[in-house]
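Per-chain residue numbering starts at 1, and chain names A, B and C are given in the order in which the chains are listed.
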Amino acid sequence: MSIFQNFINSSHSKREFLITLFIKIAGYSAIVFVGMIFIFLLLEGLPAVQKVNLTSLVSSRWYPIEDYFGILPLIGGSIIITLGATLIAVPFGIGSAVYLSEIAPHWVRELLKPLVEILGGLPSVVLGFLGMLVLSPFLRKLLDLPTGLTAFTGAILLGGIAIPTVMSVAEDALDAVPRSYRDASLAMGATEWQTIWRVTVPAARSGVLTAIMLGIGRAIGETMTVMMVTGNAPILPRGIGNLFSPVRTMTATIAAEMGEVANGSVHYHVLFLIGIVLFLISLAVNITASTVIFRQKKRQERILS
Amino acid sequence: MKSSHMRHRQQQFGFSLLTLMTLFTVIPIAGVVIYILILGTPAINWEFLTGFPREGMRAGGIWPAIVGTFYLTLGTSVFAVPFGIGAAIYLSEYASDNRATQLIRIAIINLAGIPSVVYGLFGLGLFVLFLNFGTSILAGSLTLSIMTLPVIISTTEEALRAVPQAFRTVSISVGATKWQTIRRIVLPQALPGILTGVILGLERAAGETAPILFTVAAFFLPRLPNSPLDATMALPYHLYVISTQVPGMPIKIQYGTALVLLVFVLSMNIIATSIRSRARARRQW
Amino acid sequence: MNKISIQNYSLQYSDGTESLRNISLEIPANQITVVFGPAGGGKSSLLRVLNRLNDLADVIHQEGNVYLDSVDILSNKLDVINLRRQVGMVFARPVVLPFSIRQNLTYGLEVAGEKDTERLNYAVENSLHKAALWEEVKDRLDDPAIALSGGQQQRLCLARVLALEPEVILLDEPTSGLDPISTGKVEASLQDLKRDYTIILVPHSVQQAARTADLAVFLLQGELVETARGEVMFTNPQDQRTEDYIQGRFG
């Protein structure tokens, strides 16, 4: 055994100890970061509640120059655009997921899925740019509006941005439904179409719901695109008609105004407060979505035997 | 019960509808890329790529923005890659299936979902102001790193888990330690998958605007940054600036900038996916 | 003196069943000890005790003592890494590492800190000779190991263990996936190897047990039913259950 004697010398195991330590720290870092983000938002955002009283925060006038900090129009703007985007992204995202997973020939799927996922990676500023230069003039003419920079334009673009998320996650979920489910249904005389909607999609419903939630999360959080195409008017939307007028979202407000405020001013703190609202919304959306993801298959493969 | 003829018609109609919907999704994607390619190409020339902006950015080139985005991507990788891979190793090789691990997973999912502009706020609060890094490449890279982390962690973990368990058992059985097993077998085998994940993460960092708005980006800075504590121009922010903030901006320059950004990001995407598919074809297990 | 001494050993996995119950067994050096019995009897579990591979499994309880050359190998102060070099293991499925043939053989030595190329080369050649594989692969040591046939891969796995110069070799159904010719080769090398090593084999059939056993151990549902010399066990078993199993009345 002589050749082994110089092993496990202390420097070797010390190195291994340090590496393992780093791995563990990195492992827990995600928790630390989420915690830190929340703490910093709270530290900078909560003073807003002291400096502006709650009733004026929860009002419908956003005009910071004259110290009107009502965030309702911004929340309303985010809601109307997200709603519109969801109405687009859900049918198209799930429809194309069903198509790719259940109907399309193999090669089509291999071609289109990566293509759609590329859209998920396109910088949102590029989409906003095209939205401004191409989509909004087109919609203005088409719908004969005074301006093309509307909630509707934003919703369409945001829907497009959310589709890859919805499609990709939903497609994975559909793909994971065992072949035997479909075979059993087809053997009982159902058509493929009936099998899709009565067997496959219901069997994948938790994954499909996750897909929808993640799509919504993506839409609420999107910043640059909406800032560039929605006209940025902080008007509280009061009905479906507002879909065709300019609005302003929470994200766009932060992005547009944070650069110009004095650090520590009331306006600065209010923008962080909006950040808290956004953080909490995304937390709620993602925790809902993630309850499903956890039914992950375990890797407790037995030791070789 | 509907007649079989009816059911057949229903199916045909349904299939056609879904096919159409998919086309409706895919064609605009291809359209966006092609459109920018066509309108952007005329702007591309040597001066545009390597020159400094002139005449209030209405002429000249975008070199500082290209360099800035390159530095930011590099800076992001310095922090995000070791931490992301470390966390993935922890989850795949060390963590047992308990509460703490669940909490880590929830945290990762939430990190992935936090709006990018909120990362910007956080970066402003922590790095720019509290730690006093100022608007700088350092502050911006760190902000982007945390945003990129979940992408790197999840793809890397997936790659690690794909390495057959039997290799680990064999390695341990001939007297390797856990870390030796990871270092010599698991990591090399998972490398292509890890690279793919890292590049996809960095791709996201390269294209983001909102997180760098208040942490690093300079509106106009006609020189190159020479330390991590300098501010810098960056492609995505530059595109935002010239398309919304500068009146009388030649459209050609705007499309040219969009094209450069698109090529920067898409080439990363293509590299990442081709590494993945090439490795899949060559894999021995 | 016996190489390995197992005294009143019991083992329970997290699923609750007692996979080994109060096992006492003396394993002699330089012989082939065959551990056989029906599926789920605890044969693999027993082998994994001997090189502490059960450390990777969900063990919730174990008691009793296991000694290797009078060293308590269950002790938590034991240098497990060193134990695994002394007690090598060949698994049922030939798992070659995703390297070249040569690297498969040097892997164990390299993680042990061996850098000397001469010694590494010597270990490669020597272990391949012992596993009766040298002639077949000597010209392609740097080819990927995965390109070998199943039988060759399994002998490579045996060589990989031998390269570490262990004292004990555990083989868990090493020929279950092999054709008769490869099986014969492996069995023949075991007969050679027992001069230098203590061998513990889980056979993949009663016939193989009868062919190879110096000492035979019958395990049934975690219980050690009978231990006897090979020639006695397969001609004149003492316990009715052993006889029934050997006769093929169950299993």
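Operating definition for what follows: a residue touches a chain if its C-beta (ideal position, glycine included) is under 8 Å from a C-beta of that chain, and two chains touch if they have at least 3 such contacts.
For clarity, every value in this text was computed on a predicted model and none was experimentally measured.
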Maximum centroid distance from chain B, chain identifier (CA atoms): C
Closest chain to the centre of mass proxy, which here is the mean CA position: B
Pair of chains with maximal C-beta contact number: A-B
Chain centre separation (chain A, chain B; CA means) in Å: 15
Chain centre separation (chain A, chain C; CA means) in Å: 53
Whole-Å gap between the CA centroids of chain B and chain C: 49
Where chain C touches two or more other chains, by residue: 53, 56, 81-82, 85, 91, 93, 95, 112
Sequence positions of chain B contacting 2 or more other chains: 166, 169-170, 177, 180
Chain A residues counted as touching two or more neighbouring chains: 303-304
Interfacial residue positions of chain B with respect to chain C in the complex: 164, 166-167, 169-177, 180, 184-185, 189, 284-285
Complex contacts: residues of chain C adjacent to chain B: 51, 53, 56, 81-82, 84-85, 88-89, 91, 93, 95, 97-98, 107-108, 111-112, 144, 146, 157, 160-161, 164
Interface residues, chain B side, partner chain A - complex: 7-8, 10-11, 14-15, 17-19, 21-22, 24-26, 28-30, 32-33, 35-36, 82-87, 89-91, 93-95, 97, 100, 102-122, 124-126, 129-130, 146, 149-150, 153, 161, 165-166, 169-170, 177-180, 200, 203-204, 206-210, 213-214, 236-237, 239-240, 243-244, 251, 254, 258, 261-262, 265-266, 269, 273
Contact set on chain A toward chain B in their complex: 16, 19-20, 22-31, 33-34, 36-37, 40-41, 43-44, 91-93, 95-96, 98-100, 103-104, 112, 114-116, 118-119, 121-130, 132-134, 160, 163, 167, 191-194, 214, 217, 220-224, 228, 251, 254-255, 258-259, 263, 271-272, 275, 278-279, 282-283, 285-287, 289-290, 293-294, 298-299, 301, 303-304
